[in-house]
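Below, chain A partners chain B and then partners chain C, in two separate complexes.
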Partner chain A sequence: MILRYLKLWFSLAKFSLLGEMAFRGNFVVKIVVELLWLGMLLVFNFTIFQQTTQIADWKVNEYLFFIGCYFTMGGLMEMLFLDNCNQFSDLVRTGDLDFFLLKPIDEQFLVSCKHIDWSCAPNILLGLGVMGYAFWLGEWELDFFKAVLLVVLFISGMGLAYGFMLLLMSASIWMMRNQSLFEMWWLFTTLMRYPREIFKGRFAEPTQLFFSFVVPIMLVTNVPARVMVKGLESSWLPWYAIGSALVVLGVSRWVFRAALQRYRSAGS
Partner chain B sequence: MGAIRKYLKILRISLVERLAYRADFFLTTFLRFLPLVTTFLLWEAIYTGSEKDEIAGFTRDKMIAYLLLVQISRMFSSMPGLSTGIARDIRDGNLKKYLLQPIDLLWYLLSYRGAHKIAYIATTALPYALLFFWFRDVFDLPGPWTWLAYFLSLVLAFLIGFFFEACIGIAGFWLLEVTSLMYIINIFTFFVSGQMFPLELLDQYPGAMEVLNALPFHYLAYFPAMVFLEKKQGDELILGLVIELAWAIALILVSRWMYRLGLRHYSAYGG
Partner chain C sequence: MPIIEANGLSKTYRVYQKKEGLLGALRGLFSREYKEVKAVEDVRFAIEAGEIVGFLGPNGAGKTTTLKMLAGLIYPTNGTAQVLDHIPWQREDAFRRRFALVMGQKNQLWWDLPAADSFQLHREIYSLPTEQFHRTLGELTELFGVKELTRQSVRELSLGERMKMELIAALLHQPQLLLLDEPTIGLDVVAQVTILKCLRDYNSNRGVTILLTSHYMRDVEALCKRVLVITQGRLVYDGPLTGITDRFGREKLVKLQFDGSECPANLETFGDVTSRQGPTAEIKVDRQRVAAVMAAILDRYTVLDVSIHDPPLEQMIAKVFEQGGVQSPGTPVPGLSPQ
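Now for the complex of A and B:
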């Protein structure tokens, strides 16, 4: 069963890559855009750290690692899922979702994994490069346990982010005119773009707690990045992140299926 | 007179059209405050970490005021979808509707955008008013002349934003597809217009301020905000406004020239 889906995913990935290679110019432009965006983030980062030695309790190389982590995570989400989820509202509105439902494959898999946006792959490499550079600057020690923990927490962060994306996407069945998933996602992920420690103050602190423990989008990049740069400060938070990823994945699947029940094949 | 009435009518129709999707409008407007709030928190953390009262000549309060004011600047100067729309019309052959009717593409789109902006400002006035009221302590209300200069700088920012993007769209006569180009320009503009942070922060890089001052982009966000904060005064203010006006006129002329040139090149694809 898992092998079958893996094989299918590789075929879809290969097919997407062939499609991408037909428009090489577009591919190059997208890479330039991402390079510019990362360059801007880094200039912003270095400019700020000329003025201060730390942001909340994140020092320059630690913050750099956080940015790398965010960029890698963002790149993976965009490459694997964002484009697919963004097209979902169109599938619903036009009734083309019928073709997906008729196939003998899990609908969630097909809807969210059909197309792999290879032009985002360089983001992942860039993000990993920044993480590596920060790692080298920080001269941190990396033992086997920490490396495994980082990978596990990173994957759980991806699970969380995917779950939230699926929830936002499912909402398009109810809203029909949900054309701004791309924008909604961008706005929503603002919350995973910064360390949670910057949320200080009368209203910011409860907001931080809400988005860390009730709707835990803030844990997506914060937990893996923090464990890497500060070590295992809390014994329960990584477990909470992994547990919440499993819960969000379960809930999002349930909501997606419930949303499909309401689908009325509008265009057909 | 008749021509003005015609474009005013377009403005009214577009206004009604924009207001048809109120719920969508309000939802995204509220969500749009999220990045702003996190930016404030980031700057709070930067000031706390630096243990300084001022960074690049900005106190903590003035930095928040600046970040709020660049939102207003961009409300006037950002033109989402304008250049890609023009390029699409050229590519699809839809441009001929402007050629067959007694209507000019650029003036029509200017009226349309004007309506879009009025509707946007009207519908976001309440959340923005609440936000500005919340942060009222960070502002010192300027005098009437500064208000006038601020308003002028915003109107000119609208014109610069519009005609700059129109030029990119018109480049579609030769490029056909400008979406990718626009992505690059948008990211670049976000940085060099001062939307991300006050350009004074770049003073530490030699020559950076001189280059940015020579470009029109800082008029899209940075300059109007600095006018309101009264950080541009006297001769500097007047000179700034005159150069802004010169940029607006230059871009109007360039866009019209490009459009004329493009029409000669145009072969009305799409039948």
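Now for the complex of A and C:
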């Protein structure tokens, strides 16, 4: 079963790459634009660290690791799921979702993974490079337990982000057009981009608490990055992040399946 | 045991009634009016294995909605259905492996890649053994005459070629049931004829059951012995295609070629003159009066050639659509029973 899905995923990835390569110019421009955007973000953060040695309790190399973590996570989400989720409302509106529902395969898998956006792959490499550079600067200890924990928390962070994306996507079946909900996704990515500790003050702190524990989108990058650079400060937060990822994934799958029951297709 | 059994299938949509103008749109932000539209109502029929059944109806009659319920894409508001021993909208994988739906107006192949790549993906999705896949693909590309085109990008194919590729993709997993929604729409006559011939051959070789909707009577006449007629969501006829002529064709068309360069002037006295050109004319005559009218014409004029035939099926179907009411097979539709 898992092998079948893995093989299918590789086929989808292969055909997506072939599809993108059919328009080489567009593919190259997309890569350049993505890298420029991340490069600007990196320069902006370096500029800030010209004025100060730390932000909240994050030192420059720690913050760099956080940024690398965000680039990698964001790159993976964009490469694997964002395009598919973005197109979902069009599939619903035009009735093209029909073809995905006819196939003898899990609908959520097919809809979420049908297209792999390879132009985001360099973002992941850049993110991994930044993480590696920060790791080299920070000279942190990395034992086996910490490495496994980092991978698990990274995967749970992705699960959490994907779960929220799937929830937003499912709403398309009721709303047909849900551009505003995707604006919400961009808000979420903004929240993923900064360490939780920088949110101080009367309004910022409750916001941080809300987006950490009620809608825990801030935990996506914060938890794996912080465990790496600061060690296990809290014994419950990583578990909370993993638990909430499982809950959000379960709920989003349930909502997606319930939404499919409301699917009306479109006239021919 | 029927392959398809629909029992009282109904589908009602709640449709937003948008008010006119800017003010209407603003009001719609706060309170909305909805109307219940019965797309399909109490549809019942059964289809046996190996049959090719035509599903006819005007636009918006409920054909596609019924087809989509049978394919498990949408849930019915009421009623039940069994398709290949499964409840379609439960969408079990075992069910989805055994049928295919092709929609003439939609494209499921990967647009920028050759059809061969989409077929490969299809193989992965349906977990088809490689050897079986290549054998079936070879047979189908041969049957549809597109062996040389599978490596060409789908967007560069003509509409007819694309439809053939769509049908090949739909048949690769050797479905027992094929649901076709307007498979020849927009195609030229040559492409239509080729596709119809392929479907007929495939049905006779493989015994696949086909339920087909089409606006082209050519499709229906070429493939279907039996038709279902639906109008305003209700099934109004279920029976043999020839039964439509018997039941709804109250008139015959008499085509005459007279001696001389002009038709006689008073042909209207024999029936409804539908065309008149030089020495030839076509008269619509009540079935019961054909013999008497022919005798009268032959008695008065010199006729070089004569042919008597039924009006085009389209016209009769249109009449069924216009005057349709509910009926079970074998029961005449009120007001449409033969004289």
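Everything that follows uses one rule, which is that the second predicted complex is superposed on the first by the 260 of 268 C-alpha atoms of A that agree within 3 Å, B and C clash if a C-alpha of one lies under 4 Å from a C-alpha of the other, contacts with A are read in each partner's own complex, and residues count from 1 in each chain.
Assume contacts are C-beta pairs under 8 Å (C-beta built on N, C-alpha and C of every residue); 3 or more make two chains touch, one makes a residue touch a chain.
In this text the structure is predicted, and so the values were computed from the model without any measurement.
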For this session: Using the touch definition from the top, say if A:19 reaches chain B (first), chain C (second), both or neither.
Result: second
Problem set entry | Partner chain(s) touched by A:103 [first = chain B, second = chain C, both, neither] | second
For this session: Return first, second, both or neither, reflecting whether A:230 touches chain B, chain C, both chains, or no partner chain.
Result: neither
For this session: Mind working out whether A:257 is in touch with chain B, chain C, both or neither, as first, second, both or neither?
Result: neither
For this session: Look at A:50 in the shared chain and tell me whether it touches chain B only, chain C only, both, or neither; answer first, second, both or neither.
Result: first
For this session: On the superposed three-chain arrangement, identify whether chain B or chain C touches more chain A residues.
Result: B
Exercise. What is the contact status of A:187 with respect to chain B (first) and chain C (second): first, second, both, or neither?
Worked result: first
Problem set entry | Residues on chain C engaged by chain A in the complex (per definition of touch) | 13, 60, 64, 68, 71-75, 91, 93-94, 96-97, 100-101, 103-106, 108, 110, 112-113, 117, 120-121, 124-127, 153, 181-182
Problem set entry | Residue numbers on chain A that touch chain C, as the complex places them | 4, 7-8, 11-12, 15, 18-19, 22-23, 95-96, 98-99, 101-105, 107, 110, 261, 263-265, 267-268
Exercise. How about chain A: which of its residues touch chain B in the complex?
Worked result: 25-26, 29-30, 32-33, 36-37, 40, 43-44, 47-48, 50-56, 177, 180, 183-184, 187-188, 190-191, 193-194, 197-201, 204
Problem set entry | Complex interface listing, chain B residues touching chain A | 21, 24, 28, 31-32, 34-35, 38, 41-42, 44-50, 52, 55-56, 180-181, 183-184, 187-188, 190-191, 196-197, 201-202, 204
